[in-house]
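Labels for the chains are A, B, C and D, by order of writing; each one numbers its residues from 1.
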């Protein structure tokens, strides 16, 4: 792999906070790496771990669930449900062989475009060090 | 298709324990008249056959093949492909064939780790350098072959197209008979369907479901070993991770009836894209805490092994784990 | 046809297809068999993937080693967990476990006797093959056979009520069982004990009249064809009587003298496993004697387990009818230990009687009515838990190592069929050498191999049951380059 | 979906805002190759009239049944394009928006990378769009009435405000009289009036307004339906005395039953037939059903025949569009033995002390205990609050400090030589009440700060308080003639009961949590239910009144409408798949999910008006029976699967 590895990162963003923060980053013309793809959900509480597992299975190098800060959930406490699931999911991912750095739960307020930018930078950097989720290696004689 | 005359049926086993055969025998002893309708082409537990016998059959001459066990050895792949060619309908029978089953937990480790544990690390083995080999030349100078252990255990549908699934570890006689009746009726559901079991989760048929309060929020998750369970109450509300809510029904809740949690042997429901993911989703969701450290503690105490809990029967069906192993990622 | 270049014969006599057991015979230049190998290509890796699991999960994971004897694994596992979690079950739990276990032993042995081995003896080894199956058995014994089948099914259903399921039971927990017995189950149990006794005594009668009544069969059992003078191991109670559920392991030497008697925690002092590169199965042997190859005698560490071994290590039986039958067998065969492999069938019938009598004792014991069936572990788990039971096919040891949270770090499993693997190989080797001469495979070979197999009732997925009467045999003749010269079906 | 998806993709230039960086032509070319895409176009400003017309016309011309627009943020133009899609004849929810401006062209610098990102996002949106379904919002016509539960200061205020705005109000009070705790406060300092006077003036106002119907002695039996249309059953318990009563008092004289008078916090007794306090509303006697033996003595003596002991309980059913919950609090009730309480009548609560100091009370305001005037008085504050005792709550009741010091000052006014100790964890005379603190200091009240809970030793007439003063770090022994336990506010005793009926959950401390302190500060999580007064936590009378007004104005936002609509992208249950496992119910902060019976099975059911469309229940649903419309599993999974080409 001579070309520089560009991780592909998927973010599930709450409509009311992280998605809006990404909008704000845009209107403020902040710059961040182009590795992020956002899927909008109404609440981080909507993010079923099945979606995260599917994203990794599809080859996402990193996945972020972004929700409102504790106490700030638009839907009262959907973000806490995201928190509970994320803690268990992270444990599961590690057992399945996905490094914990590849999965994050972040609280990003609508006004906090800066945090969205920082999180993206940081994630891209860390995953670039980690390498792609598909390590090119021996493929078993299963096919 | 199946309504005329006898149904030519084949049974086959791969990496299995024989429990599926026991279940089939129980099913037939519960309804012996089936013998009159079924023309058993082969059934290794009861009727001998060889691969050559199958090869000689015309293509699609078997009406239904019920295959149990996961794909663990190289020769399982050949046999599966052969049966696919010879059969009109191929059914994955039981958890192992459907999603890998308990032996599929081996996919948490590499083949080399598995072999090393068995042939050198266990305390009863002292000859640390000996190991079975695929090709071995005996002292007489003759080559003996062993089939290759595949790097990953695969469910049947990873190597051939599977038409239907009969879930369970093993499927109960009732499930088996229900499925056979559907097959014999000729009214076949869409391909890929599960036969003989419920379309709903186990809670639907669990006698303990009515003991749940309206809201299920749990302050503590517990392991069964140090929990005194009230047999008259839903296990989940007692903090025991019971997989009934996410597991297909059809067994009549055998385990919860003896105050033990459902461990998920009837596998996923049609809506699931990743059974294990769904299990951890609902379990984490009911934890009644907003404090990160407390949540982590509750999970650590009650679910120390999420993969073993959520994928006890379905790890080889996790596309993520399968892909990681195939890609040679960490842990592969 | 015999060719000097013919060197290898592959026999697939084991019903469970390629992959679960095949025999390869190596011939010399004259075409005489000089060595036969039984290969078991079977590997699933339970010892590895138990690692990382909460220990209590072992009780539901390990039954999946074998769907034919899941109860044996469940019990061995549950006992290992009692040990690992340092908890002693209440007396009621122990008795209910042993009760369920004896029901399981009874129905499993009955299955073997009537469906698997029975045809050879009941229908007769010389009977036409198409009659040598369970249908033939039913014809010969008449309505009695159907009754026995229905009793067996009834016992299985009863066990489902006690254990939750018959195949892969869930009810065993460290410290006891998950749920007390409901009064209606106890009533049903007590109503059924006489049927269990009836099943046992009838079976014994059938065995004595049909099998022993036929001098040719008696001769076969007492022939030297399957005689191997090995060590024997089995579980005995404090009076050196057979017990399936608990006790100490006792080993007798080929002359019947006690060689060792130990708690299963000391098994590592006595047992090691030998590996052969040509098979996935490992061969346990008596470590203190050592692995000397596939030979018998007091200098070879090969150990035999299963019904015959269990009786060979027992001084007596704990129940009266079984004791009578026990004495009768040793008297008739005139030696102790009995080294005739085929006498295993006889031993199995005696065990059926014992199991039935033990079921009666336990079912009628008021202790099983107790609601106190579980002690919750309170001590820090680990580091070691070892459990042993007598599976239908012999000693079964589960050995777990865990951390202080009770998460398994290591597991070692010594499965019943493994113990006999070396002896089975010897039987097959003996048969092949005797019967493959001048490159010709004699018709009798098949019978010999089948009968050897069935006596041990080996279980290669821990589930391999060879069924009689239907076996075909393919003989593949290879040249020295390994090219297939000829393939013929002996029974097409 | 019966129809084969036919998707139109529209890529906006946004002038140069998008096209300046993103290769729109390439994006359009790429989009046209995606599965189910029938037409892909670009336009300089998609949100302009001509841009929208493009969509409207294409829907007709190409028979499109899904539309994807790649432009700016949906927060700006999602509604615009939904309307355009609707004008084209499609359901507005068959539309998916891709944000390639804020999320791509404005935040990146590399043309190729930004273009690739736009392509990825469109591919993902197209995959989702193919699975979109038409959606409708649920609507309900509004019952233009309101229910107020609780007839204290806050509830009365809410009822008055709603009624004044022209709506019918049902005011339901569990006790036989309106006024709550307020009626027993001797003086409300801010207003300079007595509590019972405040209540009386409010009631004078209330009786003049015909559209308030007050139910005393009544409880809420059941509540069904949801915002806009609640069906409420009110259980009216028999008072056994009707409005013919003239308050002559003959009945009281003959009544043989005596029970503690709860209006006086139990310091005196009353008869089973009684009027809670002078001037109580309604102005007729009431009979305590629990105490009354129905001996009939009162019936015999009643000169007007106002007593009917055979009166039965009634249920009245009303329909309301909104509910205000104003059930208030109860004083913390110390256990017998807790700091000497109940062991001597020299250990009393602050609430009881207030009654003793009330000039219209039983002692006419003279502080007399056991027939003598106490000289040595110890107040122990923070009882029931700040985790002081094992049963205490963790919050600060904040009213008590001021009330305690007011009482101390009042005592010093009538017993100038009294020695008063105030044992406290902290003194929180917040706001203008700081004056009281200084006044108390000046009058010689001695303050002792404690950390460990003081101990009260009762030995006959001798009472001693032991405390470690943390300021001087000395143990003090305070012999006392009177110990006043300054108890805080606790959640109402009947709170749980009423919450179960209206299906609102309470917070950790037993009070009701607001849906959102910032966005919905006087609302319960469930739509249509509003909160007034101390039901959400300790409040002063004035604060409660303000709260009552606020809740009323929020309730008006519902009942002033003819129709209210729910969200479109709500959760729905696949009834065939639902196993009735109940996991979803605990997920919903809005109580939108309940159980229902269908063909003998118990399954979950979503109230479309209560559902706020967060989707949390769908993520938790173990069987996948619960799905959020517009964000269904299959839709999101399709979007995820399209993530890497």
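Following the convention adopted for this analysis, a contact is a pair of C-beta atoms (placed from the backbone, for glycine too) under 8 Å apart; a residue touches a chain by one contact, two chains touch by 3 or more.
Remember, it's a predicted structure, so these values are computed and weren't measured experimentally.
K.L.:
For the pairs B-C and B-D, output the one whose chains share more C-beta pairs in contact.
P.N.:
Per the contact counts, B-C leads.
K.L.:
Counting in whole Å, what is the centre-to-centre distance of chain B and chain C, each centre being its mean C-alpha position?
P.N.:
Each chain reduced to its C-alpha mean, chain B and chain C end up 26 Å apart.
K.L.:
From the C-alpha centre of chain B to that of chain D, how far is it in Å?
P.N.:
So the centroids are 49 Å from each other.
K.L.:
Let me have the rounded angstrom distance from the C-alpha centre of chain A over to the C-alpha centre of chain D, please.
P.N.:
35
K.L.:
Where the centres are mean C-alpha positions, what is the separation of chain C from chain D, in Å?
P.N.:
Averaging C-alpha atoms per chain gives centres 68 Å apart.
K.L.:
Which residues of chain A are in contact with two or more other chains?
P.N.:
48, 50-51, 54, 59, 77, 81, 85, 95
K.L.:
Which residues of chain B are in contact with two or more other chains?
P.N.:
In chain B, 108, 272-273, 278, 281, 285, 305, 307 touch at least two other chains.
K.L.:
Would you mind listing the residues of chain C that make contact with two or more other chains?
P.N.:
52
K.L.:
Looking at the whole structure, which two-chain pairs count as touching?
P.N.:
Going through each pair of chains, those in contact are A-B, A-D, B-C, B-D.
K.L.:
If we count contacts the way the header does, which residues on chain A are in touch with chain D in the complex?
P.N.:
Counting only chain A, the residues touching chain D are 8, 10, 20, 22-27, 29-32, 34, 37-43, 45-48, 50-51, 54-55, 58-60, 74-78, 81, 85.
K.L.:
Chain A touches which residues of chain D in the complex?
P.N.:
Those in contact with chain A are residues 73-75, 99, 101-104, 106-110, 113-114, 116-117, 120-121, 124, 515-516, 519, 525, 569, 587, 589-590, 612-616, 618-620, 628, 631, 633, 636-637, 639-641, 643-644.
K.L.:
Could you list, by residue number, the parts of chain B that touch chain A in their complex?
P.N.:
Touch residues, chain B against chain A: 74, 108, 111, 148, 150-152, 154, 158-159, 272-274, 276-278, 280-281, 283-285, 287, 289-290, 292, 295-296, 299, 303, 305-307, 310, 318-321, 323-332.
K.L.:
Which bits of chain A are touching chain B when the two form their complex?
P.N.:
48-54, 56-57, 59, 70, 77, 80-81, 83-85, 87-89, 91-92, 95-99, 133-142
K.L.:
In the complex of these two chains, what residues of chain D are touching chain B?
P.N.:
So the residues of chain D in touch with chain B come to 505, 576-583, 585-587, 594-595, 601-602, 616, 619-625, 633, 637.
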